[in-house]
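Structure record follows, encoded as structure tokens.
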Amino acid sequence: MNPQQYRLEDLARLVQGECVGQADLILKGLASLDSAESRHLAFVNGEKYLEQALQSKAGAFIVTADLKDLLVEHQNFIVVANPYLAFAILTHTFEVKHTEQGIESTAQIHPSAIISDTAYIGHYVVIGANCVVGDDTIIHSHVSIHDGVEIGRGGLIESHVNLMSCKIGDRVRIHANTVIGSEGFGFAPYQGKWHRIAQLGSVIIGNDVRIGSNCSIDRGALDDTIAGHLNIVDNVTLTGMSMVTNNISVAGTYSSGIGLFENQKWKRTVVRLRQLADVPLTQLVKKLDHMQAQIESLESTIKLRK
Amino acid sequence: MNPQQYRLEDLARLVQGECVGQADLILKGLASLDSAESRHLAFVNGEKYLEQALQSKAGAFIVTADLKDLLVEHQNFIVVANPYLAFAILTHTFEVKHTEQGIESTAQIHPSAIISDTAYIGHYVVIGANCVVGDDTIIHSHVSIHDGVEIGRGGLIESHVNLMSCKIGDRVRIHANTVIGSEGFGFAPYQGKWHRIAQLGSVIIGNDVRIGSNCSIDRGALDDTIAGHLNIVDNVTLTGMSMVTNNISVAGTYSSGIGLFENQKWKRTVVRLRQLADVPLTQLVKKLDHMQAQIESLESTIKLRK
Amino acid sequence: MNPQQYRLEDLARLVQGECVGQADLILKGLASLDSAESRHLAFVNGEKYLEQALQSKAGAFIVTADLKDLLVEHQNFIVVANPYLAFAILTHTFEVKHTEQGIESTAQIHPSAIISDTAYIGHYVVIGANCVVGDDTIIHSHVSIHDGVEIGRGGLIESHVNLMSCKIGDRVRIHANTVIGSEGFGFAPYQGKWHRIAQLGSVIIGNDVRIGSNCSIDRGALDDTIAGHLNIVDNVTLTGMSMVTNNISVAGTYSSGIGLFENQKWKRTVVRLRQLADVPLTQLVKKLDHMQAQIESLESTIKLRK
């Protein structure tokens, strides 16, 4: 899948490291110490991996100077201060890049939409009126972009993403099947009935935001908390299956997806979750501390009376 | 995005309120007190927003009679008993309405399907054999409707929704990327093995139901609990990312999607969740109460012996 | 929707049961005891359903020999040792089978992809370069299959599924809107900043795996835990809305989707969840046990001093 190949000294240069050994060794990928073969570059993330590194069949290793001296049986190295960071940088070198530009013939694009010449629009994408797609942005198949949505430069929008009532910044990566700007839920209670509030707000996503697969980010009603907009600042990462109903005003990584449990344990966990609403957790901890103090007081009273 | 404009007195009439001030003032939207400009209508939800209302640049305000008297620096009002309800009603007035009807040329519709002339079927929608789509129902792009599914009148089905083995009532709103009627999980245990039960049931959704984005509602097996069908009654709201595997027989709002946590806190929360199955929560609370009683009994015993 | 009809004795033979009564009785489906009509076959899952079985209008019943003797008012039976297992087997007989083969005209398939002649590819499916789809595999509409993905024989891939960087075994069922192989999240911390690690790994799914709707299975970075691949062994079931970020090395059923809560209760539950990170649950249980022991010790001390 990846035809890219690099010489050891070129890779060393990319991470500002020292090339030791066969400078023109051809490497075709990164691999872990255990699975690496002779055309792979592996990295040694500290002394605790020394034994694995000694056994590894990798053609070359990203190491610190200290580690290099311990790996006497190996010949080819990229020596850096921080091997993990160098590895992180090189993953981008070996990543398969999307190089296509242009609009697939099956995409349906409203005449009033403005699509950059350097963007890529995949098969069966639907783009509505007055939309904008910026330079170098890649939109995979089956994406649905509703009227008025604007997307900045250098973005990646994966398949089956749904964008409504939103404005997306630069270098934003939105993974598959995520929904942005669908209608949130607002109700005005009156005389025992709930009256639906149509959500007139929108979602504003800053620059350098990453949003995992199967996330939902609802647009808000207009109210005093969010002034009509749900706003996500620059440099935010939302991991997979997160749900967003409020502003995110501090950069960082946010989550609400739960990883797997074995099914029987999960069923017991959900039973506990159903009890949780009625268990005053923090109060319970305080009560316990209070009781502990009472017991100790009783103990010393009894001791004194001996 | 919204070319609609209304005169103040017309908006007042829509909510059966009193128009005070410039009757022909043109308003183009609703806004919060803070973000409103001169062409916006804002609402004041009680005295605690008085200071914000005084500072607001809104062209007109929805208020109670009492609040109006306090906002001496403003001139234009809609006076009602319940400003929040009036606001809820007017959100529908300013909501962008879908006015298109008919079937996009790229939709694939089985010849045996019956589609109302007043319905709208978006690009790349696929509709199977013997399906029915009622009057004024709007189906966004990329929706997949499998054989035999019936949808009532006045519905909204957003992009990438998947409908299988189900019957949908009138005025049902299903938000993007939700899956209804996919196969639930049933297994018959026998001699240490699990035998899959094919799920022959279906999902029946009543009238005036709203289902958020990225929800899953599985069809059931046929069994004594659900008599072959999973049934959701009228007037149910399912918020985003909810999962439904059982009947809903009482109208109301239901949820199971979790909002965002900061990632490090979330990781600690999930660690606790993994412990939760083995913590007998309600028993623990009872035990604590019992121990409290024991301590108090000890304390009074000791007091008596002084 | 299901034109299949079977004679009672033929159904009995399929489950190696004894046919009692009218051997040529025509049955058109399975139903629960309560909803069954005269052309339905129902099953009696133990004596506790005896009263319901006596009242049932089903044309025939799957029973044990003991149960048959108690159902004196009914005439037609399939007598087996395990009625629930027989029912599970017969659900497959009555299940509507997908019988179409071939490729819909609107599917976009890269010339280098290899599609079995006995596979079915639905409308608007997009299949990338070097993909493989095995015999008898069924792919519903709007599925997106990216470059290099291989799918084995006898699989079912429902609508809006997204497959990237993955290899899928034989007889794998993936329900609607699930995402496999989207990019997981990896960051290398350096000087207070986070550097994104491009995820070069892939997802490998074994044979006989079932994956519910709206699940996310992320591909990993390459690291020592997963050697570049996230691996799911044979015979795994993932229920709806599960999230997978690690290997699954033991066959079984796994979950992380939460079923519905009434909305107000859910809000209280989420408040508790937000406290949970700071409540040392297992420690708390131990502390409670320790305090219980202290109290008992105090009680016996006091008793002794009487």
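Residue numbering begins at 1 within each chain, and the chains themselves are lettered A, B and C in the order written.
Here is the rule we go by: contacts are C-beta pairs under 8 Å (C-beta built on N, C-alpha and C of every residue); 3 or more make two chains touch, one makes a residue touch a chain.
Since the model is a prediction, treat every value here as computed from it, not as a measurement.
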item: Residue-number overlap at the chain A/chain C interface, same or different (half cut); value: different
item: Copies chain B and chain C - rotation angle from C-alpha fit, nearest 5 degrees; value: 120
item: Whole-Å gap between the CA centroids of chain A and chain C; value: 26
item: Multi-chain contact sites of chain A, meaning residues that touch two or more partners; value: 124, 142, 160, 177, 214, 237, 239, 241, 253, 258-259, 261, 266, 273, 276, 278-279, 284, 288, 291, 295, 298, 302
item: Complex contact set, residues of chain B against chain C; value: 108, 124, 126, 130, 142, 144, 147-148, 160, 162, 164, 177, 179, 182-188, 190, 195-200, 214-216, 218, 221-224, 227-228, 237-239, 241-246, 248, 252-256, 258-259, 261, 265-266, 268-269, 272-273, 275-276, 278-279, 284, 287-288, 291, 294-295, 298, 301-302
item: Chain B residues touching chain A - in the complex, by the definition given at the top; value: 1, 29-35, 45, 49, 52, 82, 84-85, 87-89, 91-92, 94-95, 104, 106, 122-124, 140-142, 158-160, 173, 175-177, 210, 212-214, 237, 239-241, 253, 257-263, 266-267, 270, 273-274, 276-279, 281-282, 284-285, 288, 291-292, 295, 298-299, 302
